Amino acid sequence: MNRSSVKADRTATFLCWIVAFAVTGTFFWILWDLLGHGFKGISWSFLTTQPRDAGRSGGISSVLVSTSLILGVCLGVAIPTGVGTAAFLSEWIPRKSRVGRWIRRSLDLLAAVPSIVFGLFGAVFFGEVLGFGFSILSGGLTLALMVLPILIRATEAGFRSASEELRLGGAALGLRRATILRHLLLPAASHGIVVGLVLGVGRALAETAALIFTSGYVTRMPSSLLDSGRSISVHIYDLAMNVPGGEANAYATAVVLILLLILINSLASWATQTWLGGRSLP
Amino acid sequence: MSPSRGDRWLAGALGLAAALAGGAIVLILAFLVIEAWPALRQVGLSRFLGDSGWLPAAGPDGNFNLVPMLAGTVAVTAGAMLLAVPAGVISAIFCRYYAPLGVSHIYRRLIEVLAGIPSVVYGFWGLVVLVPWITRFRPPGQSLLAGALILALMVLPTVALLAESALRSLPRSYFEGAAALGLGRFTTVRSLALPAAAPGIGAGCVLATARALGETMAVLMVCGNVVQVPTSFFDPIRTLTANIALEMAYATQFHRSALFVSGLALMGLVGLLISAVERLSPKPAYE
Amino acid sequence: MSASPRETLDSPQKLQDACISTEGLSVSYAKSYALRDLHLEIPRGSITALVGPSGCGKSSFLKTLNRLTDLITGCRVTGSVRLDGEDIYQSGFDVLSLRRRVGMIFQKPNPFPLSIRRNLTLPLEEHGTQDSAALAAKTEAALRDVGLWDEVKDRLDSSAMILSGGQQQRLCIARALALGPEVVLLDEPCSALDPLSSAVVEDLIASLRESYTVIIVTHNLSQARRIADQTALFWLENGAGTLIETAPTEQFFSQPQHRLTKEYVSGARG
């Protein structure tokens, strides 16, 4: 190696470390700031009392309930539709069929739709055309559309990873395709489904823009799925932007949101490991 | 093929699920067009680009100039990419070639965590930390600069992770060949790895751009939302997405239709970028 | 179908009770033939061994007999396959019950990643056994038939994947036998097993004679000689698998008629 190339390599090394330090530094800056301000606000009563004074004081219990309900509607619709679509794509039609190509293409496009556009669509279609108004139902259904592409892609990968022997062996015993799918392929695809669920729930929990015009702002404890309910991300946004003096509770809520995301991720990796471990016994 | 009745039911159900999932995007696009139609027809495309201002609440006689929002969107996205592309690609190079093994692993995890932070949290942090900090130099603080910085942070993981996976997928033989020729590390990376991984890295950058264009919450919270074509980095701006988020709550009739026009414009921009990704990489445009 | 001369019409087996008979059977993928114009009769309650070099259509032939070919995209079957005189390719034929009547064992043991018990009960339930006492009885009987009962009776609920290769293969055979099939197809069932397990499975197959009609694909000529009543040689001719010679096993090995059979049996080719 000549001297100029040694020098260039040294410059590149330096540059790499600088960027890495900057990114890492910013990360810890954000983390330190959020935890530093937010952690002290979290307590059992914060989680279990309702927001008061537009959220400045009180807790986030109704927000957590609305968030769970929205997630429940979202998953209740997205899981059957997503797993069904994945099964259709991977087990029912030939891999390179025209129908399959079109469905995959439209899912690719769906994955790229900005969340505010989902919000527009959800407000009009679920809110007005179907008449659900500003409600948990509208919000959950809108989110279901958003997470479908991720869920389908991961589940389809799970089905494809199931070995061909299962299909042949099942067919050779005269099992119906429904039985093969339910008892043999679905368990084999379960880790794909879990991965898709984690990614989907992560996206749904983090989503704000699509929910503002669908599930709305109301902080009251919802009494039915047709009530408006404020999700945790919307709560952070509203406290930060529209409520002077809402900062402390916004910090605490942001920390709760991040803890929830971490919890879901660890649950999923634990589940995947346990199941995969169970399957790969000697 | 199979005569069983249970199977026929299941086939029907699965087909229905697939039709729903595949039809969703068609439904969304159709609604965008239908809702945008009244404004498009009565106002016309030219006024969306040439009116004297943005006063859509006045009905068909109002002003419908989307140019400030288009300019804001393009400016904040360009600013973000200007930062995120080099930082992301260098991060990927760092991970693959320059970092010790343990550091590389930790750094990659850290970037994955950054990717998982919700945009509303980024926006909140920007609003309470970054904006006051900028205000010290040039008020008002809520500005194009703040938006670009936050967006850059948000899309950096997309660039870095996709670039890293593009670099990782290069065949080992490339590097064995380079090593056998006695090429240095920097030469190998610059003249061999980067060009070979360019399509993948490019696809990652375009995908990140699409994400930045469509981002709403973070820019809504830190950009100030003033309808104007920015002349400096410190000017507050309003993006297409923020415009929708701000006005949808009270928009009625014609005004609302105009907002759907901006939604349609946004979708058009994103669609263009996605087809560019498809051109760049044979793989589907998924993260 | 082509009207080629049917030697089998005059063969002595015609007089016996044929369980399966094929006429002008051809299998093609896209444009190439895997198997061309096959005429073969399988006598009831006997073991038929199919031998020949790799890639000459033996496995494809087996898959036509339980219509597993339906699962292969682009695979076309022409000609006829008759099971107890009924054409299994006629429209409206119940494929699922066909596969119950014609069991199949694969080269690599393929138990489901479920418990040992569930491997047997899942197909049994599918084919109409719902009563739990009956399920338990059939499970035990099938496991006894393959000599696995004493080895696994205490761990029926552990995963089938923890069994050894030979045990897994016997479980697969038990799973097929539990459904009470008439025909058992075996596609090189011993080739993925160690010699000891292989001997156990081979004895098991030999014991299936009388109760079942057995068709076994094997690369092991001495295995064919040990267990088969009838042996058939497949060969690749003009790019497609063809049936060269079928004869009672003793005659097949001691007085082969066809030149290829002679060379194959003596080890000169194949």
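Structure notes:
For clarity, chains are labelled A, B and C in written order, and residue numbers in each chain start from 1.
The rule we apply is simple: a residue touches a chain if its C-beta (ideal position, glycine included) is under 8 Å from a C-beta of that chain, and two chains touch if they have at least 3 such contacts.
What you see is a predicted model, and the numbers here were worked out from it, not measured in a lab.
Looking at chain B and chain C, the chains in contact with each of them are A. When chain centres are set by their Cα atoms, the one at the greatest distance from chain B is C.
Of all chains shown, A has the CA centroid lying nearest to the centroid of every protein CA atom. Counting C-beta pairs in contact across A-B and across A-C gives the higher total for A-B. Separating the CA-averaged centres of chain B and chain C is a span of 58 Å. Mean C-alpha positions place chain A and chain B at a centre distance of 18 Å. Mean C-alpha position of chain A lies 49 Å from that of chain C. In chain C, the residues that touch at least two other chains are 95-96. Residue positions of chain B touching 2 or more other chains: 2, 4.
The residues of chain A that reach two or more other chains are 176, listed in rising order.
Remark: chain A residues 1, 5-6, 8-9, 12-13, 15-17, 19-20, 22-24, 26-27, 29-30, 33-34, 80-85, 87-89, 92, 102-104, 106-121, 123-125, 145, 148-150, 152-153, 176-178, 181, 202, 205-209, 212-213, 233-234, 236-237, 240-241, 247, 250, 254, 257-258, 261, 265 touch chain B in the complex. Against chain A, in their complex, chain B makes its touches with residues 2, 4, 6-7, 9-11, 13-18, 20-28, 31-32, 35, 86-87, 90-91, 93-94, 98-99, 103, 107, 110-111, 113-114, 116-125, 127-129, 153, 156, 182, 184-187, 189, 210, 213-217, 220-221, 241, 244-245, 248-249, 259-260, 263, 266-267, 270-271, 273-274, 278, 284-286. Put simply, chain A touches chain C in their complex at residues 94, 165-176, 179, 183-184, 187-188, 278-279, 281-282. Here chain C touches chain A in the complex through residues 66, 68, 71, 73, 95-100, 103-104, 106, 108, 110-114, 122-123, 126-127, 159, 161-162, 172, 175-176, 179, going by the rule given at the top.
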